[in-house]
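Mind looking over this structure? Questions follow.
Chain IDs A, B and C follow the sequence of writing; residue 1 opens each chain.
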Amino acid sequence: MKLLDVPDHARHANMRLVLPLLVWGAWRLTRAQLSVQALNCLIHQCVELGITAFDHADIYGGYTAEAQFGQALALSPGLRAQLQLFTKCGVAAVSAARPAHQVKTFNSSADHLAACMDHSLTALGTEQLDLLMLHRPDYLMDAAETAQALDRAVASGKVRAVGVSNFSPSQVLLLRQHLQTPLAVNQIEFSLGAMQALDNGVLDQCQQLGMRPMAWSPLAGGAVLGDNDLARRLNPVLTHIAQVQACPPAAVALAWLMRCPTRVVPVLGSVRIERLRDAWRATQITLSREDWYTLWAAAAGRQLP
Amino acid sequence: MKLLDVPDHARHANMRLVLPLLVWGAWRLTRAQLSVQALNCLIHQCVELGITAFDHADIYGGYTAEAQFGQALALSPGLRAQLQLFTKCGVAAVSAARPAHQVKTFNSSADHLAACMDHSLTALGTEQLDLLMLHRPDYLMDAAETAQALDRAVASGKVRAVGVSNFSPSQVLLLRQHLQTPLAVNQIEFSLGAMQALDNGVLDQCQQLGMRPMAWSPLAGGAVLGDNDLARRLNPVLTHIAQVQACPPAAVALAWLMRCPTRVVPVLGSVRIERLRDAWRATQITLSREDWYTLWAAAAGRQLP
Amino acid sequence: MKLLDVPDHARHANMRLVLPLLVWGAWRLTRAQLSVQALNCLIHQCVELGITAFDHADIYGGYTAEAQFGQALALSPGLRAQLQLFTKCGVAAVSAARPAHQVKTFNSSADHLAACMDHSLTALGTEQLDLLMLHRPDYLMDAAETAQALDRAVASGKVRAVGVSNFSPSQVLLLRQHLQTPLAVNQIEFSLGAMQALDNGVLDQCQQLGMRPMAWSPLAGGAVLGDNDLARRLNPVLTHIAQVQACPPAAVALAWLMRCPTRVVPVLGSVRIERLRDAWRATQITLSREDWYTLWAAAAGRQLP
């Protein structure tokens, strides 16, 4: 397993999270309709490949993905210890599994977070989450209360590190002011098809505060390699670099994210091991500055000023 | 009178402002053409209702509203002591009352602010303003000079607390760096018809810095309840909640603002006591998280992501 | 030479830069095809006029403008000592003069900056730059590395002060966190034809942090005085103020920039001394607040709110 250290100033006693280069994400897991055995096999294959961190959210698969993953883990005693388990909470989705939710809300109240965390621990069959993230910024967040709930989760040993997802810089500053535990990550949308994080201050803030960005939809839901104007602009560049580097175009698109100075961690949603092997190739190449800016210009559809 | 404390870290010796839940605002006062007696009666009715804070600006009514209010106050010795008086300065409007203003400008120079403050004290017939706000961000603001003028106003006893209106987060940071006195409020446009403060960092900053937001046009100038696309989306939700809570739809729309963790203070512009009674009902209900997000989605015209 | 001090809190031992009111900029120099003698003459005329600071970038004129300027300087021993020389680096442009650059990139790596700085010192024929700026925010900037490179440049005596150009507030905060040397300037696009710096936080930040803004394209590439909608709105106001002040309309447009509380420093691109004399008149007038806001309203095409 290839590891990258977090910056020194982002560490302290309660924050010993070391993020890997790539993370597997469960948001499309239930759609794949894998058997528990097949999922157990996929987890083993991921670990062999080097993908040892698994990203969840309580709401994935209508509140069922975590439990499915937990069952697959339970088939192999000792497997949990080889993994990092991440999850998110704070969205209350309408679902048969949560009849109390009549309306979709964001909810970062202390009670909601505590209940979600316990649910996730049980569903995943673990005593500790390696990372717990707030899934969405809640307009009704009482930052002092939410921060205390997160600090308590760390103090209790139920989570090792805390982070956020889809937070703007002002939302990070607000929450952080009340937190004892440093925020380890901001998991955001970021890809060659969604580059706004380069300009809206989110990546600048991550680098400034020693937070690591994680990227969801790192291939823009496939649009980066699909049949559309963006992909047509990117294709010649991705293909050329892929040939030179002897790797798949998808790996080049992921390596573009990982080349950022903040070392963005892509979250991979595929359940096909050959796709994950393709993706893993991204960890073995480093894009030149020239390749990075050529891809930026192709994605942006314009030259640098 | 129902009061809410400001956060502890926003207090100090010079800042003893305790904001009420709702504030009455004078920006449409002169249009109503009330007699001084009728206005005196309205003030008494407000106080009985629980609305004890009155928000002004030197420019309202072409520089006449403050004096009209002051005359109405003077009819009842002892009334002033039951009220909080807020005003704003820093806009130089073109008006027969200010022949020196040939062009509309924003002006936060020390001289202008000092003159305006004295004007307002005289017009309102009081020795102290409970809150003085800069009405608009002045592109020509020398922050050190403006901050000193505000601190001096507090030190002189002429104002108890200072704030801003319509300031962006970067403008608040700039002014605040030079101020001894904490900024008590940022009075902004905020309603179900103008929700940008939720996303542009202004409300995040208020919560972070312990400033209270006040909301002008809290019903979007009536558009929230009017005959338009926004109102058509909101109407079924407002009506339903109003029925359940046994209160008027306007109260629900105000309660939506007051439910924010920063406890937004709506500024009410009506001179009709039955309207104000309707509004006051907002202080007696608390919207559920579900109701709040349902109203958000109706106003935004889209579901939560 | 008329000088303005930088704020006290922006000074320290390594930062003794005192910016003049106006700066001459070389970005259009090579297009003018001046002989070395003619350029030497122009420099002398500038100095006599009061324009004693000269702004460069390594890339201007396809990497040739600095050397041309250096040759012109060399014709008059002692001339250098009367001047301030500013330059920018960090853009790697495609040019016959830099065959290694196959693709345009932004590059703020320590190696690139050190090499550019040495190039500029040699080309300009000087032992010290008065100001070195990062030309563009580099998405791949490792802020700790870049800051160290800039601090080292100051410590070595090769530059007196450092700054940035075209940086957003979050990019400034990021770089600044790692810098020992204060950032002296942010050179941005700013004119009556490009007023976004008034609202996007850049000028607020400059005032807050004691950085001076420099304005490139201070007449919007001539559009402020040209034949277009903007110019038609501005023309009556500029003409009127110019008549009252007995100066050219261009000087009024520059004085509008210089009237900002952050004392914006326009960078003038003309090689015609009569144009520069016109511009210099801006240093001899001060726009009233009324004139400033009247020009703002004409440029914005709307009244103040």
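Keep in mind that, in the parts below, a contact is a pair of C-beta atoms (placed from the backbone, for glycine too) under 8 Å apart; a residue touches a chain by one contact, two chains touch by 3 or more.
Owing to the predicted nature of the structure, the values given are computational and were not obtained by experimental measurement.
In this structure chain A contacts its sequence twin chain B using mostly different residue numbers, the overlap staying below half. Chains compared, chain B against chain C: the Cα-based superposition rotates one onto the other by 120 degrees, nearest 5.
Averaging Cα coordinates per chain places chain A and chain B 42 Å apart.
The set of chain C residues touching two or more other chains comprises 169.
Listing the residues of chain C that touch chain B in their complex gives 169, 198-199, 201, 203-205, 207-208, 259-261, 289-290, 292-294, 296-297, 303-305.
Against chain C, the residues of chain B that register as touching in their complex are 91, 102-107, 109, 136, 139-143, 166, 168-171, 173-174, 177.
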